[in-house]
Structures are given as C-alpha cells and as structure tokens.
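I've put the structures underneath this note.
Note that chain A is present in both complexes that follow, paired respectively with chain B and with chain C.
Showing the complex of A and B:
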C-alpha cells in the first residue's frame, strides 16, 4: 500500500516537472501555431546560468528571481531574431517547427561548449520529509507548488486581463485581431517572454532536482509535448492536467510492467491520443494551423 | 559578385580537401562520444589521443609521415557508431580505428569494420559481447566478464544474500548486469529485483521505490555514464535505501569531486592500475599541465597505449590490416601505461582488478 502511495506521489512530482515545460509549450503553440521545441533548451540554458551565478556567491537564492527575467529575454531574443524573420518570409508552421528543432540542437551544443559535458550539481540544502513512510524533498514540494500556481496564474492571465484577451484574439484569428488594432508581433513578444520566464524558473528547480546535463532539455520537452497532447495542445490548463496524468500513469504503470517500459508507456499513450483524440482531453477541436 | 564568391569558395574547398590526400600523413580514425551524457569519456580520451599523436609526430612520426587522427562523434550508441565507422572507412579510407569508448558504439561499428578488414582498437568498451565481435576487434581494457564477476564475488563475500540491480538499457550495462546476476546466484545469493531505465530518463524514483520495497542487502548500480551514476546515488539516498551500493569505479571517478560526501561507503570495482607507473605518470602529468584534472586515469592510459600500439603497427607493417591484426595477437607482456599488455586469442586484454571504497571523498583500495 505504501509503495502504491509512494508511486502516486512520484507520479505527482514527475507530472509537475512535465507541466513546467508543457504549460509554456502549449501557450506558444496556441497563439503562434507552431511547436517550439527550443523551449527545452531555454530550460537547460537557464539552469546552467543559475549554476554559474550561484557557484560564484554564497547567496544563491538571491538569483532565483533574476533567472526567469533573463530566460524571458532569451526567449524574446529567439523570437525577434529567428522566428519573426521566418514569419515575415511567410514561413509555414512546419518551417518554424524545423527551425525550432535546429535551435534546440544549436543551444545544446552551445551549452556543452561553454560548460562541458561533465555533470554539474547545484549545491543547496535539500531536507527530506517523511510522512507516513512517504518521502519527499523540499525541492520537490517547491516544484509541485510552483506548477500548481502556474496553472492558476496562467488561467487568470488568459481570462481576466486585457493582455490575455488580446492573446486569445490573436490565437483565434490573427488577421481580424490586427484589423481591430492588436499588434500581433507585440503579442508574440509577450508570449515568448512569459513562457520562457516560466520554463526558466522551472529549469532552476529541475536543475536542482535532477542535476545538470547539456541534454536535459530534450528529454523534458518530449515529455512536456506528450503531456500537452494528452491534455490538449490548444488549452494550457489541459496541457498542465495532461502532464500530471502522464506522470502518474508512467509511474504507476511500471508497478506491474518491467521498469524499462517507462518511456514506452508514455509513447504508447502519445500515439493513442494522436490517433484517437488528437485534440486531447480538454482541447478544442484543432483548426489547421 | 555572387558568382565570384561562389567560385572562390569552391576553390578553397578543393584546396583544403587536396591537402588531406598529401602523402606526408598517415590517417587513422577515431570514434568517440563527443556529445551527450557519455561525452565526458570522449572529450578526455580525445585529448589523450592528441597528446600521444603529438609525441609520436615530434619523435619523427611513422616512417617520416605524420600521424593524423580523424574524429567522429559516435554518441555512445550502436546506430551512430555504425555511421561513424562507415564514414571513416568509406570516405576517409582509414585502416585502423581507435574507439569507441562505449560498448554500444563499438558493437555497432564492429560488423562494418570486420567486413572491410579494418582494425578496431577500443580503449574502454568493456562489454563481454565484444570478445566475440570479430577477428579485427581489439581492446586495451579488460572485459566486464571479469569486472562483473569481481563485483558479485565481493558482494557475496561480504555476507550479502539479497541483491537488487538497476541498470541503464545499453549494451555495456546489460553486459555487466548479466555477469553480476549469474555470478551472484552461483555464489549462493539471490537477485530479488532487476530494474532498468532508458538513457534519456533522469527520474528513477519509481524504480528505486520498487527496489526499496524488495529490501535488498546490496544494490548493484550500472549506469552508462557518471552523470546518471551521480543521479542514481542521490535519488537512492532520497528514497531512503540504506543498502550497500556497488558500482563500476569509472562512474565514481566521474562524480567524486562533486558528490564526494554522498558517495561515502560506496564500493567500486576497476582494473588494477598504477598511476605512478613509468609510462602512465609522465602522460598524466602532461595532461594535468595542459587540461587540468584527470578523471579516468586508467582509461586515459588505455587510450594512450592504443595510439602507441597503432603507431607501432603502422610503422612495422604499413596500412596492412591483416598483418596488423596478426601482430596484435602476437603481443605478450609489452610494457604500457596501463601495465603489461597481453592480448588473448579473442583480442581481449587480461588484467587484474582492484576493489575500492569511497572514504573521505577518495577511492581507497580494499583488495
């Protein structure tokens, strides 16, 4: 019984980690209509930046609020320098997708050339709590709390603020939004800044939790993508919920199956959803982007 | 304007490719993991190979020709190992390949090398499967048939009855797991759970929760790279597993500096090696002076020896792979950085092993 509960908790932690990636991933997809795989590399880059800054001083936590801002500007920079010029050339979402994969590989290579391939560890005190023989660390609690608050913050942003309404307008129909005076390029800038800031903060937490390696972003963006597809690529709340479902199914699944099948479980779920319900559990019916 | 630029470019490309065909160099290939988790091995071995090549060329090269090593990124997996071998053999026309560092990439390249009669000499691929990979496949490090046996016998001799194994799903790790499982059972122990994970994963909590539930006396860890080894140890502690941990010492060396305190008491197994040996010591100090800390002393020495063996064979027999193969089989007790080099009839190296334990952040030899 306690094993089952521990696995459920592990699934919850894994789901929170995936949702930190999938929330931004799906928001970019929703408004910009392309899958930005470079999202995972922004995560890795942020984690490495935090590593470098925190190893310079004693006050590592001082940098915690600064990293998301830097990550936001990295995302903004990628949008302005690469994606904008591609959009100007009337590139299709397929071209943007390929460009984002190329960017992902480029950024990973950049990380490896700057920080090297060896394992990097962010040293922080990470006490372990044991409740009813269930074990969880402080960082894991932070990850869960942060991902749940992102869920509500994004909900509030999209439904209640003027910016959110403008984002939804651009997402629904870019041309009409422009005719009523919404500058879509500006909206794209906001989206990239917000999503990259979220994934940057997530990167720091994940970096502390899982140690740093140059490839960390790739595996995470694939899981985040899978979570987003399950919940519905066109809905942020769906993407976050989908990530939790993925994390829990994956971890419970290997209670009965050999553990080598963990990745197989998530990809089987991915295929099932792509075949049977491509709009996901909570998504609207997708339009051709 | 564009046309002029283009023609200049074409001429430049032609010029640079011509220089490669010049008769003043002998080219050999090298396939190493230069990106990904395992690139910690590849980058270090590449530097050592360059040190060796530099020394050989400074001493007059191979019959007056300079030794040149062409590197390909084999990414620690069979698919990219095969691609790297194809490129080195068909495009660069090499007769000898140094590498790979991982067993997977070496096994992926072996059939291609065998077919084309090209020598492969690996400094660190240790899977038992490489023993029978082919006539042209050699290595300057011992097979895991021994490393796994030493680890299992040590665990059994410490009085442990129940073992769990967690391994990465790669050729190297599966080989070690197989040997450990078999020898531990033969020694009267019981393997209570075997868990695995794919190379892309970094969250092992569920596998470790299952290990905890199986309540073993000893856990044998077989990651493919130190990065994953460090993560495994950390998550084991977080999961509250208090069993004795045993793993390959090469993994410990890669993480000792950063994770020293968490590794206290972990037992490691590696080939017996004297870093103060007459050939190893100058090489390692040269490395330290140029690149800083040495991580994989034994395997660096194995790389160094491999380059020298290749150069020696090329000097004696030219680029005749069959004669080089016969020469390698004839090597008995040749002094090298790793100690005495003797190949057996399968092109494997015979060596003794040492069992070590992490004490105060250092690997201390137990036996």
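Showing the complex of A and C:
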C-alpha cells in the first residue's frame, strides 16, 4: 500500500516536472502555431547556467530569481533572431518546426562543448522529509507548488488580462487581430519571454532535483509534448493536466515493467492518444489534416 | 597512404548517408511528410541486420530483412499519425526515434545496451572494394527513387504535398499513398542502416543520435526538397565541411558537438536565406 502511495507521489512529482515544459510548449503552439522543440533546450541551458553561477559563490539561491529572467531573454532572443526572420520570409509552420529542431540540436551540442558530456551536480541543500512513510524532498515540494501555481497564473493571464486577450486574439486569427491594432510580433515576443522564463525556473528546480546532463532538455521536451498531447495541445490547462496523468501512469507502470522502460511507456501512451483521441482529453475538437 | 585510407573511409560514409538522405527526400521532399524519425529507421535496419547476421543468417539476407522490418515499422508508425496534421507526424516520429534509442539502451538481453554489438560480418573486408559496393547500391537507390518519383505513384505523392484536398477530390487514396511512401522511405533507410552496421562491423545506441538527424536534414534542405541530385550534392557538401577540423588539431572529443553546431547553423541559415536550397522544387509544408 505504501509502495503504491509512494509511486503515486513520484508520479505527481514527475507530472509537475513535465508540466513545466508542456505548459510553455502548448502556449507557443497555440499562439505561434508551431511546435517549438527547442523549448526543452532553453530549460537545459538555464539549468547549466545556474550550475555555473552557483558553483562560483556561496549564495547560490541568490541566483534563483535571476535565472528565469535570463531564460526569458534567451527565448526572446531566439524568437527575434531566428523565428522572426523566418516569419518575415513567409515560412510555414513546418519550416519553423525544422528550425526549432536545428536549434534544439545546436543548443544541446553547445551545452556539451561548454560543460562536457559528464553528469553535473548542483550543490544545494535539499533535505528529505518523511511524512507517513512517504519520502519527498524540499525541492520536489517546490516543483509541485510551482507547477500548480503556473496552472493558475497562466489561467488568470489568458482569461483575465488584456495581454491574455490579445494573445488569444492572435491565436484565433492573426490577420483580424492585426487589423484591430494588435501587434502580433509583440505578442510573440511576450509569449516567448513568459514561456522561456517558466521553463527556465523549471530548469533550475529540476537541475537541483536531478543531475544535469546535456540530453536533459531533449528528454524533457519529449515528455512535455507527450503530456500536452494527452491533455490536449490546444489547451494549456489540458496540457498541464495531461502531464500529471503521464507522470502518474509512467510511475505506476513500474509495478509491472523495469524502470528502464519508463520512456517506452510514455511513447505507447502518445501513440495510443494519436490513434484514438488526437485532440487530447481536454482539447478542442480538431479537424483532420 | 593513411590519408588516402581516410578519404576512402569518408567516401564510404558519404555513400551510406547519401542513401539515407535520398530516402529521406522521398517522404519529406516528394510527399511533404515531416518525418523526423528517419534515424529510427536507420537504426532499426542496422540492429536487425546486426542481430540476424550475428546469429548466422547470411549477410545479404540479413540486410534485406532489416530493410523489410524497417518498411513495416514505417507503416505502423504512419497508421495513427498520417491522418492528422503534419505536425503530429513530426511529434510521433521524433518520439519514435527517441524511444528506439531508449529501447536499445535498456533491452540489454537483445542489444547488450550501451556496449553495442561488435563483430558484425562485413560485406567485404577491403575498404576500397566496400566503397564500390556502397556506390553501386547508392546508384541503384538513386535510380529507383528517380523512377518512383517519375511514376504515376510518385506524381500523386507530389500532388498530395502540393494540395492534398485536390488529390482527394480527384479520387486518389491519399492516405494509402502517404503510408506507402513512408514505408518505402523507411525501407531504404533500413538498407542504409544495415550497410552502416556491416561497414563499421559494430552498432550501438548512438546510431539513433541526433547528430545524424541534423546531418541528413541539413543535407536534404541544402540540396533542395524533391530533388534527388540535390540530396546527393547536399550530403557531399555536408560531409566535407567539418573534415578540416580534424586536420587543424581540433580536440577530438569536441568534434562530435562541433559538427552538430556547424550543421545546425548551416540549416538555420539556409532556412532563413534560401529555404529552397540549391535544386529545390518545393517548399516545406
């Protein structure tokens, strides 16, 4: 019984981690209309930046609020330098997608050549609590709290603020939004800044919790989009909920399969959803091709 | 002498990756399918060929079975995804190659995990003769792909890329065409994988790596979509560009990432400034 509860808790933690990626992935997909595979690499880059900054000084946590801002500007820079030039050339979403793959591999290789292929560990105290024989670390609690607050913050942003309304307008119909005076390029900048800041903060937390390896970004973006497809790519809340479902299913799967097959479980779930319910559990109904 | 041997080695790899790029062009260039799982098919061909050949199946037969297994996996992968918007195919195919890498690492009983499978028989021992065989196969694949794209079947595939709805209205079964072309594309990728495994007489999970994915995508786009000779030229350009790094004393352990960075930058520049590449006849869907 306690094993089952512990697995559920681990699933909840994994789900929060995935949701930090999937929320931004789905928001960029909704508004910018392309799948940004480089999203996970921004996470990895932020984690490594935090690693370097924190190993230089005693007050590592001082950098905690700074990293998301840097990550936000990294995302903004990528949008301005690459995606915007592509949009100017009237590129299709397929071109943007391939560019994001190129960026993902490029950033991954960049991390590997700066920090090396070896696993890195961030030296920050991370006490373990034991509640009713369930084990959870302080950072894991932070991750869960952070991901739940992202859920509500993004909901509030999209539904209640003027900026959110403008984002939804661009998402629904870019041309009409422009004719009523919304600068879509500005909206894209905001989207990239916000999503990259979220994923950057996530990168710091995940970096403390797990070890750093150059591939972490790619591994996480795959989990992120799987979670987003489960919940529905067309809804941020769905994507976050889908990530939790994915995390829990993966961890419960360990009851029957060796833990090395976690990734295979998530791919089978992705495959099944694409086959049976491609719009996801909470997404809007999608037109075929 | 050592230099000549090295050139022959690079030419062998160029030939094998040439087959891979040309086959990628079938699905991405000619039919407009965003297939990011091509290294997955490459790896399936390599592992199947390796496992069969190591268990006593004649090498030629193993190569053929490897390609067929790859064909079947292409069909299976296409079944749920080809009905959806093309981004979903990109998602599923990328996940597919990633999952294969994870299986190859974890299914130790079959693949020996990260240790890889050594001692795969070679088609022929001598590298120079191997090069002739590789180029012979490359030419055959080149001609076959050329014929496929000139056939009625290939024309329908191009019509699907340009306007799928119109092709449907004309009574074409677009789903069948898409799934077959993905399978054929996977077939040749599997063949390239088998050749690769036999050439190195070794295969390990790094075959599913992203380095090869960015290599063939950059080659495809630099050469131009829907142009077979473009793919051929593209792979020659991209295999040559990073080579000087080895001769100017660049640290060996950085060459892998450096290649990926170079390919990534080239691909981004091409996409921004000349998205049709050199001989391209189509845009990315």
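Definition applied: the second predicted complex is superposed on the first by the 282 of 289 C-alpha atoms of A that agree within 3 Å, B and C clash if a C-alpha of one lies under 4 Å from a C-alpha of the other, contacts with A are read in each partner's own complex, and residues count from 1 in each chain.
The working rule: a residue touches a chain if its C-beta (ideal position, glycine included) is under 8 Å from a C-beta of that chain, and two chains touch if they have at least 3 such contacts.
Just so you know, these numbers come straight off a predicted model, no measurement behind them.
After superposition onto chain A, the partners chain B and chain C occupy overlapping space and clash.
In the overlay built on the shared chain, the residue A:187 is in contact with neither chain B nor chain C.
Look at A:78: by the touch rule set out above, it reaches neither chain B nor chain C. Using the contact criterion defined above for the overlaid structures, shared-chain residue A:263 touches chain B and also reaches chain C. In the superposed model, A:249 makes contact with neither chain B nor chain C. Looking at the shared chain after the overlay, A:218 reaches both chain B and chain C. In the overlay built on the shared chain, the residue A:112 is in contact with chain B and with chain C. Legend: residue contacts after superposition of the two complexes on their common chain; A:93 is shown touching chain C, with no touch to chain B. Within the superposed three-chain model, A:144 lies out of touch with both chain B and chain C [touch as defined at top].
108-109, 112, 218-219, 222, 258, 260, 263 are the residues of chain A that lie in the contact sets of both chain B and chain C, per the superposition on chain A. Looking at the complex, you find that chain C touches chain A at residues 34, 36, 79-81, 83-88, 90-92, 94-96, 98-99, 102-103, 105-106, 164, 210-211, 213-214, 217-218, 221, 254, 256-261, 263-265, 267-268, 271-272, 275, 283-285. Interface residues of chain B, counted against chain A in their complex, comprise 35-37, 39-40, 42-43, 169, 195-198, 200-203, 205-207, 209-210, 213, 226-227, 230-231, 234, 238-240, 254-255, 258-259, 295.
Of all the residues in chain A, the ones that touch chain C in their complex are 34-35, 37, 82, 85-86, 89, 91-95, 97-99, 101-106, 108-110, 112-113, 218-219, 222, 225-226, 229, 258, 260-261, 263-264, 267, 270-271, 274-275, 278, 286, 288-289. Of all residues in chain A, only 3, 6-7, 10-11, 13-14, 17, 108-109, 112, 116-121, 128, 130, 135, 137, 210-211, 213-216, 218-219, 222, 250-251, 254-255, 258-260, 262-263 touch chain B in the complex they form.
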